[in-house]
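One chain, chain A, appears in both complexes that follow, with chain B as partner in the first and chain C in the second.
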Partner chain A sequence: MTPAHFAFSSTFTLGLMGLTFHRTHLLSALLCLEGMMLSLFIAFALWTLQLNSSSFSIAPMILLAFSACEASAGLGLLVATARTHGSDRMQNLNLLQC
Partner chain B sequence: MSYTMALLLMGMVGGLVGVASNPSPYFGALGLVLVSGTGCGVLAGYHGGFLSLVLFLIYLGGMLVVFAYSAALAAEPFPEGWLSWTVAMTASSYLVGLSICWWGFFGHTDLRLGEGQVMGGWGDSSQLRGETGGVGHMYSSGGGGVVTCAGGLLLTLFVVLELTRGLARGTIRSV
Partner chain C sequence: MAPNTHTTLVTSLIIMILFVLARPYLLSLLPKEKILATLRSLTVKGVLTAFILSLPVAISVLCVEDNAFAFSIPWFSTPSFDIFFSVKYDLYAAIFVPVALYVTWSILVFATSYMKGNPKIDHFFLFLLIFLISMILLVSSNNMFQLFIGWEGVGIMSFLLISWWYGRADANTSALQAVLYNRVGDVGMLFTMAWMATNLNSLELDVLFNNAGNYNLTAPLCGLMLAAAGKSAQFGLHPWLPAAMEGPTPVSALLHSSTMVVAGIFLLIRFSPLMDGNQFALTTCLWMGALTTFFTAVCALAQNDIKKIIAFSTSSQLGLMMVAIGLNQPQLAFFHICTHAFFKAMLFMCAGSFIHALNDEQDIRKMGGLFNLLPTTSTCFTIGSLALIGTPFLAGFYSKDAIIEALAVTHLNSCALLFVLVATSFTAVYSLRLIYYVTMGQPRFSPLLAISENDPAILKPLARLAWGSIVAGLLITCIFTPFKTPVMTLPPLAKTIAIVVTVMGLLFALELAKQTSKQLKHSPNPFTHHFSNMLGYFPLVFHRMAPKMSLYFGQHLANQMMDQTWMEKSGPKKASNTNESASAALTAAQRGMIKTFLTLFLLTSVLGVLIVLF
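The block that comes next holds the complex of A and B.
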């Protein structure tokens, strides 16, 4: 395991742990998801550069496009919850009706 | 391994510790800016100039602007920075765990990687690698992938429009 390998795998694990434990805002959870996708992008790009295979460099671009889809859907959910519940706190989502 | 690369990798991990330690969303977005900036530097250091440019432009230009705008929705009167007690405790516990993992992986190895070894060093950065041309393959032989991505983005447009529609006709309308 090289330092770069350690860096992107630990950033992925940190994003996963931050998503799992004690979020207060929905936006912070989305930021953790974005951090995970960012570490995946860097891992894919480093894989391409390491293997010196030019045709695999399509994969990080496609991953970036799909992470844009994920981010926009999550932000749409954030706007919808902020409009129905008044704030984006995760405790508010436990309420059945408000 | 050069010191610059080590500094960039440490900035990447430290920025994600700053995101994962649950501060207010303003500071979380700031940590994500740090992660993407240093990740861009890492990719540039491994001769991936085009991919690092794509990361910088799309990520910082597109997504983080939207995130910074959405942070206004999650605004709160007393935001918690990294100096707050719980955030600092979480961040320091993550840092302790990371250093234990680092010591377990690298405690007994020599970190001075040689030339041409796996993912080590800057080398001479003047040469242009094949990844710029590889992205160009996306438009010829990888056309199916582009069409799939464009379809996904178009679908996401309608998903967002349905989610944020008002007048009690949207997807999430409990009131």
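The block that comes next holds the complex of A and C.
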């Protein structure tokens, strides 16, 4: 595995683990999600260069745009959580807990 | 006189003695009210009459050839075993009974004054009477069954009399202690009875002595020694005797100094023909006695209760009697029993007089200067103490000195000799300590007490026992021909070793008494004092440890090994516990927490990647 390959793979994995193992704040999950998106963006950017497929050059831009939409959706969810539960602490999101 | 005359005289006198002693008890069974009030004087008169009647019996026994009268009536007969009612009034019984009756008579007269305020005083006298009858049954029996009846009788009366003031918790625990320790000894007695019944098919002592040569006698003798250790408070089974001082002073004077505690020694004296050849039994008796006399003399040095000090001196003298038996000299032990009865009963009665005069104060640290206030009692106390330590030509000298001389010339372990000599010197030390604290110096009690000894019911018995303490030794030496020849020539040190050791103890104690008003060290060394005061920590450790271990063990066996194992650790409760913990673990993962979901998602994706790649 090339170093660049390893770099974004590890970034993606670390971000995924941070998303699943978040402890207190929802915001940290969203931040990890953004980290994942960033690593995917780097992956797409390197795809065109490494694999010489120039028809895939538009992919990173589309990913970036969709990532921005998704980030804003996530932030909207965060604001809604803060409005209903008072904070973004994970332990307050226990409606489904038995 | 011809033997037939003797027999008639003795038989009639013995029957009269038994009747005279039993009369108050039989009269008490009648429902008439006014008899109860006269029981006191009836008992006293009965015992006096019995004493006077027993003297010709003793003289007859001395005149007759074998020095014994015996008779035997069949009692129970089963196809395989017969029990007789057999009495052997030999020299031992014939001399012990007058001594015991004389001492009992004095104590009963004393008790009429000491227990005066007590509404149940007539019951008290009846208890003492039943005790006396049991004791006489014990010493005159020729049959182990009858001896056992007397043995148990004195044990039960001891229990009832120690807990006379049964409202007091200490009295109840002391009575229980007495019964339990005696019971441990009774196991030995029952073992010996069973051995005799199975091996010799009879419980008669005559049969035993005739046929004993064929058997190995170590087992029954061990049983007898255990019985004697329990009843006579030898080391290991000794704590009940000082605790028995919870009973009233007449009880202490009669039971726990003169009569009941010598029952164990008397048993060994009766069986001494068997112990003659068995060196193991003799050595065990010697060591048991030496250890007892030394240990209890050490414990007596730092006690503060007047009755406890006298109780420990009793225990020490019992050890000395056991040493005499261990030296194969049962007659010397018997001699010491008789002389010891006089001065020990007198010491207890003097203590009772002191306690009564000081309004029930028993602590010697709060007595003092009583020589001027209670002169007769103090004088008798001093006479008794001098007799106890073996002052030449008082009663105790004849028996105690004989035992120590025999100890000095016998081929035995010198450590046992050392123990006994040190205990003899300690006897002098604690006797002097007692006299110093009680009769000398300045009074340490409130001057408002009305101290008097005007009651003739106290003074006359004291005087009688004082005369007994002085002349009894001489009298008994003159009547007895010793069975075993005493050693006639000794080196001067061996002959006088008892006196030398006693005088050294007295000088040492005088020196210590002088130091009570000075302070030579800046801080005391409490180690030896605490060891002695707490009775060597023996009751502290064993009375707690033995029941705790038994209860602990019982709990472990019954509760934990059986119930808990079968029900909780392996049976139904195990199933329910397993189910509960399994379901608790499972539901912990299914609470609806987001983290659980996401973790599972990650795990699954990692797993999938790994499977695809490898």
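Throughout what follows, the second predicted complex is superposed on the first by the 93 of 98 C-alpha atoms of A that agree within 3 Å, B and C clash if a C-alpha of one lies under 4 Å from a C-alpha of the other, contacts with A are read in each partner's own complex, and residues count from 1 in each chain.
We take it that contacts are C-beta pairs under 8 Å (C-beta built on N, C-alpha and C of every residue); 3 or more make two chains touch, one makes a residue touch a chain.
Quick caveat, the model's predicted, so the values are computed rather than measured.
Applying the stated contact rule after C-alpha superposition, one finds that A:75 touches chain B and leaves chain C untouched.
In the superposition on chain A, A:64 contacts chain B only, with no contact to chain C. Within the superposed three-chain model, A:17 lies in touch with chain B and with chain C [touch as defined at top]. Taking chain A as the reference chain, the count of touched residues is higher for B when chain B and chain C are set side by side.
Note: residues 17, 19, 21-22, 97-98 of chain A belong to the chain B contact set and to the chain C contact set alike, using the contact criterion stated above.
Within the complex, the chain A residues that touch chain B are 1-8, 10-11, 14-15, 17-19, 21-28, 30-32, 34-35, 38-39, 41-42, 45-46, 48-50, 52-58, 60-62, 64-66, 68-69, 71-73, 75-84, 87-88, 97-98. Chain C contributes residues 587, 590-595, 598-599, 601-602, 605 to its touches with chain A in the complex.
Of all residues in chain A, those touching chain C in their complex are 16-17, 19-22, 90, 93-94, 96-98. Those residues of chain B lying in contact with chain A across their complex are 1, 5-6, 9-10, 12-13, 16-17, 19-25, 28-29, 31-32, 35-36, 39, 42-43, 46-48, 51-52, 54-55, 58-59, 62-63, 66-67, 70-71, 73-74, 90, 94, 98, 101-102, 105-106, 111, 113, 118-120, 129-131, 133-135, 137-138, 141-142, 145, 148-149, 152-153, 155-156, 159-160, 163-164, 166, 170-175.
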